[in-house]
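Next come two complexes, and both contain chain A; in the first it sits with chain B, in the second with chain C.
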Partner chain A sequence: MRRLLTLREGSIVVVTILAIAYFAVANDRFLTSANFKTLLPYFAPFAILAVGEVMLMVAGEIDLSIGSVYLFAPFMFYEFHQLGLPLVVDLLLCLVCAALIGALNGVLTAVVGISSFIVTLGTLLGVGGLTLIISGAAPVAMPGAEVHTTTESVKKVVNGHTITLQEQVNHVGGFARVFGAGIYSELIWALLAVALLHVVLRSTRWGMYTVAVGGNRHGAAEAGIKVRSIVIRNFVLCALLAGFVGVLEAMRASSVTPDTAGASETMFRAVSAAVIGGTLLAGGEGTVVGALLGALFLGVLRDGLVLDGVSADYLDFILGFAILIAMAVNIYVGRVRKGSGHA
Partner chain B sequence: MPETEGDDDVLRVEHVSKRFGAVTALRDINLHLRRGEVLGLLGDNGAGKSTLMKIIAGFQNPDEGRIVVKGEQVSFRDVDHARSLGIDCVYQDLALVNELDVVQNMFLKRELVSRPIPLLARRVMRERTREALERIGINIPRLDVPVARLSGGQRQAIAVARTVTSEADVILLDEPLAAMGAKEGAMILDLVQQLREAGEVSIIMIAHNYVHVLQSCDRVNLIQGGEITFDKPTADTSVEELNEIVVEEYRRARRAAQAG
Partner chain C sequence: MHEERGIGGSGRSEVNADIAAEALDRLEWRDARRSTPERAPRFAMARRAALTGGGAALASAMLAACSSGSDAKASSGSAGDTFGSSKKLKFVFVNHVTTNTFFVPTRYGAQDACDLFGAQYQWTGSENSNVNEMVNAMNTAITGGADGLAVALVDDKAFNSPTDAAIKADIPVVGYNADASTNSRLAYIGQDLFASGQEMGNRIVDLVGSGPVALFIATPGSTNLQPRIDGALSVLKAHPSITTSTVATGAAIPAELSTIDSYVTAHSDVKGLFAVDAGSTQSIAQTMQKHSLRGKGVKAGGYDLTPITQKLLASDQLDFTIDQQPYLQGFLPVLELYLYTVSKTLSGMADVNTGLKFLDKTTVKPYNSTKSRYEGSSKAAGVSKS
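Moving on to the complex of A and B:
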């Protein structure tokens, strides 16, 4: 326990375990594989968004526009597909669009010198609006995610007799299964993103420079670190991940609606996951694994409350207070950790 | 008035000027540093000492003038460029990152990475850090703690250590004793003395304490109002002379203020 608490992620681990334990006791349907599958979309996409946000927040910046980039990318995917391009190319091109928005955020912040909060508030609205214009405010079906239903014969053993049943089976293309539509697709992508960025933040020059830029920007520049380049690169990374998650989610749902309000809520949940996970808004400190756990905590909370039959009207009310309590516990456990002499 | 400049100058600053908006920070600065020499740079706050250091370190560009390193005129693109020519600086604000640990700060922008995947080579860097700190006699018990936990003197020691143990042969020290107690300060002065005796590096040291400058430096330059107004070997000057010049400047400033 002591060892666990000395980890930067220690506090959110404890808080998440407490939440899981509570729901497991309160509801016997919580710890089932069926519910695990229900839980996945509640947290996997937010985990990917949150780890991108962690990199930026460690660098001392924030990206609010991820909500709109997340919404914008699948519509661009659709538009590129309308040009007759193959799915993989559509994906690459829409990610390029996302990266360009990230680069714009980065340049306006690091070169022009506008605060990233304002810059990305601007691009949140602007790109959201652009999405409405492109889509004509109408939803589209995601290319490649069309569901084909076939009737198949399935052999089953019932009471010792083998019988043949006709069953309706849904099929979706391989591309869609890999990029969001497969049950574990988002989870696998989330784990990949977390593993990769954890290593980047902890064990590469880029990660070290990101901490330096967020911790002591002037000192980092004096040491010779290219501060602007680090900030811009992290904005691009954050936007790329947001665009990618947008495509995953659209593929999972097989269609996408230009819902800008929902996009902003997605952004707020991702930022919350990063902060709950132990990343400072002030920069210099943060953890990628913590962001995954923060997203998991928010997912468990939402899923658990829904499973408990909490009315939709009460859901956000309870979630809000649960987040505050979690943060308070987080800070308390953090003090215990600091007292132990570890960072 | 710079004295004779010879071929053994490892660094020359010629006619360098720098303005920040309406403020002229440096006015036609001429300064030279001989191989193996320790040059003390004195001057009031705001006289332009730190700006000059930042220009020599490649952190800022001069508006006019040129810099000659080892006989070749250079125009620094950035700090890395100056460092690649052997110039490294301990800034007044130390340029440490509180959130990074001792080893990471020691190797900030000088990291060692593995191949082919460029991951930080932590073990090698920790080993080298321990060796470097031991060599210059600084005791920091734990190298894996964020430097925010260290004392002001320890932090300063790390900033100095990372520069003097680098490949640099021109070292700029911008008030290296600022945050130090007497004991730690003496350690840094000892270190400068060792480097001076070894004669392998040349040092420009900004300081406020005349006694330290006369003890540790071969020559002293005084910078006043963005200009070098005094240049003598420390053997030919004294605390009294330096004091008199500065007091005179202070008197003039007061007269000017009263007249204004």
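Moving on to the complex of A and C:
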């Protein structure tokens, strides 16, 4: 226990376990495999968004535009598909579009020198508007995510007798299953993204330079780190992940609606997952694994509260206070950690 | 008979019909279950955690108090005797704009029906038409063992697989407010959107006769609006003397108002302004008033009743509005889901068209002079003078 608490992610682990324990006691459906599958989309997409945000926040910047990029990418995917390109090419091209937005954010921030908050606020609105224009404000069905229903013979054992029943079975294409529509698809992508970026941030030059840039920009520049290149690279990474999650989520729902009102909410959930996980808004310190846990905590709260039958009017109210109280606990546990001399 | 579908909950089969006895029974059974030896350590630890600074747990505990508030209350009516079922059914409404005032009467309708049948309902979904969030809420409801789902099917495809999953798990699903043609929901309760659009088209032909007409829609393509405008256009196509233009106005009322305002300024020859959503209809009425378009013989109309639409319709700024009775869209899903469940699937499901109620400046009067749950203008039962 003491060892766990000395980790940077220790406090959010404790808080998440407390939340899970509460819901496990309060509702006997919470700790079931069915609910585990239900829980996945509550946190996996936000975990991927959050780890991209962590890389930027460690470098002392923030990207508010991820909500719009998340919305924009699946529409570009659809448009490229309309041109007759195969699905994999559509995906790559729409990710290139997302990366370009990230590069634009990076150049405006690092080269032109506008604060990243304002730059990405601008692209949040601009890219959201662009999505509305491209889509004609109309929802589209995601190519490759069509569901086919077939009737199959399923063998079942009833009272010791094996009988064959005709059952309707739904199928989704392999591409869609890999990219979002499969039950564990988003979880696997999230774990991959977390593992990869954890290594990048902890053990590579890119990661160390990112921490240095966020901690002391002048010092980093004087030490010979190419600050601009690091900042732009992290913006591109963040936008790339946002676009990717956008496609995953659109594939999962099999269609996508240009609701720009939801864009900022998506962004706020990702940023709050990063901060709850232990990344400093001020930069210089952060954890990728913490972002995953932060997203998990928020997902557990939402799923658990809906499962407990909380109606919409009360949900935000309870969610808000739950986050405040959990963060107070988080800080308290954090003090224990600092007191242990491992800070 | 009472069925418990949760983990490790197979130990009970018989339940006294008396509701109070059942509640007591249930509590005792839960306590007994919690103290079975092999489960004890986990719960004991969780309890201890909750007592020693379990912040999240504490916060969540508030919901116990909150969810027993007005939204989740149930009465002990005699419905159980009438229908021979003592189980307190729990229905989940999945909505696309949970906090929108349009659905206040819908929630009153659901609550009133639940009170009648001794059932309870949960109102959840998304605040801003986020389809993924709605799908999540549906899946959680299925996992949570809801007894029935009512879903606003605002997307053509996205709800198909959760609907299939629910029906496979013996949880009935009805659509309300918006319908999707390929969805396997058991019934739809709401406006027949295309037919209502056709009726509006006929009204437009009667009112305008000939000339340019503008049709406003908040979000083109959404399944609860687009069919209306398609219906209207299908009728107007047969009348070449009327030329139509379709204008998207956006989902927020300020944007809708300025879009319609600038359209009218730029098209002074327009003979009619019609809308297929509540916000645009209200904005048309306000624009009509602002530019005194009534005096220039411009006709106008639309859908739904916001307080402003009601007032301006009464003061003759609009020719008509179409009421789709949101109260029924809450009441009837509960009624149908309840009957379907207690009749063990023998009865209950029926498509209901709740909305072809044209209101004009005379028939809108009682809407302006009264307050009621039916229009969402009062919490109190019955209809009172405003």
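Note that in this section the second predicted complex is superposed on the first by the 343 of 343 C-alpha atoms of A that agree within 3 Å, B and C clash if a C-alpha of one lies under 4 Å from a C-alpha of the other, contacts with A are read in each partner's own complex, and residues count from 1 in each chain.
Just so we're on the same page, a contact is a pair of C-beta atoms (placed from the backbone, for glycine too) under 8 Å apart; a residue touches a chain by one contact, two chains touch by 3 or more.
It should be emphasised that the depicted structure is a prediction, and the values quoted were computed from it without experimental measurement.
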{"item": "Fit or clash - chain C, chain B, common chain A", "value": "fit"}
{"item": "Partner chain in contact with A:G160 - chain B first, chain C second, else both or neither", "value": "neither"}
{"item": "Chain B versus chain C as contact partner of A:I318, first or second or both or neither", "value": "second"}
{"item": "Residues of chain A touched, compared between chain B and chain C (which is higher)", "value": "C"}
{"item": "Partner chain in contact with A:G84 - chain B first, chain C second, else both or neither", "value": "neither"}
{"item": "Partner chain in contact with A:A326 - chain B first, chain C second, else both or neither", "value": "second"}
{"item": "Partner chain(s) touched by A:G113 [first = chain B, second = chain C, both, neither]", "value": "neither"}
{"item": "For chain A as apex, the angle formed with chain B and chain C - C-alpha centres, to the nearest 10 degrees", "value": "150"}
{"item": "First, second, both or neither for A:G262, with chain B first and chain C second", "value": "second"}
{"item": "Touched partner set for A:M208, first chain B, second chain C, both or neither", "value": "first"}
{"item": "Chain C versus chain B - closest C-alpha approach in the superposed model, Å", "value": "29"}
{"item": "On chain A, the residue positions that both chain B and chain C contact, one per complex", "value": "none"}
{"item": "Residue numbers on chain B that touch chain A, as the complex places them", "value": "54, 57, 59, 78-80, 83, 89, 91, 93-101, 104, 108-109, 111, 113, 118-120, 122, 145-146, 149"}
{"item": "Interface residues, chain A side, partner chain B - complex", "value": "199, 203-205, 208, 211-212, 214-216, 218-226, 284-285, 343"}
{"item": "Contact set on chain A toward chain C in their complex", "value": "15-19, 21-29, 31-32, 34-35, 37-38, 41-42, 136-139, 141, 145-147, 168, 170, 249, 252-257, 259, 261-262, 265, 297, 301-315, 317-318, 321-322, 324-326, 328-329, 332"}
{"item": "Chain A-facing residues of chain C, complex", "value": "6-9, 42-43, 45-47, 49-50, 53-64, 66-67, 69, 71-72, 90, 95, 98-99, 120, 122-133, 135-137, 139-145, 155-158, 160-161, 164, 219-222, 226, 248, 250-252"}
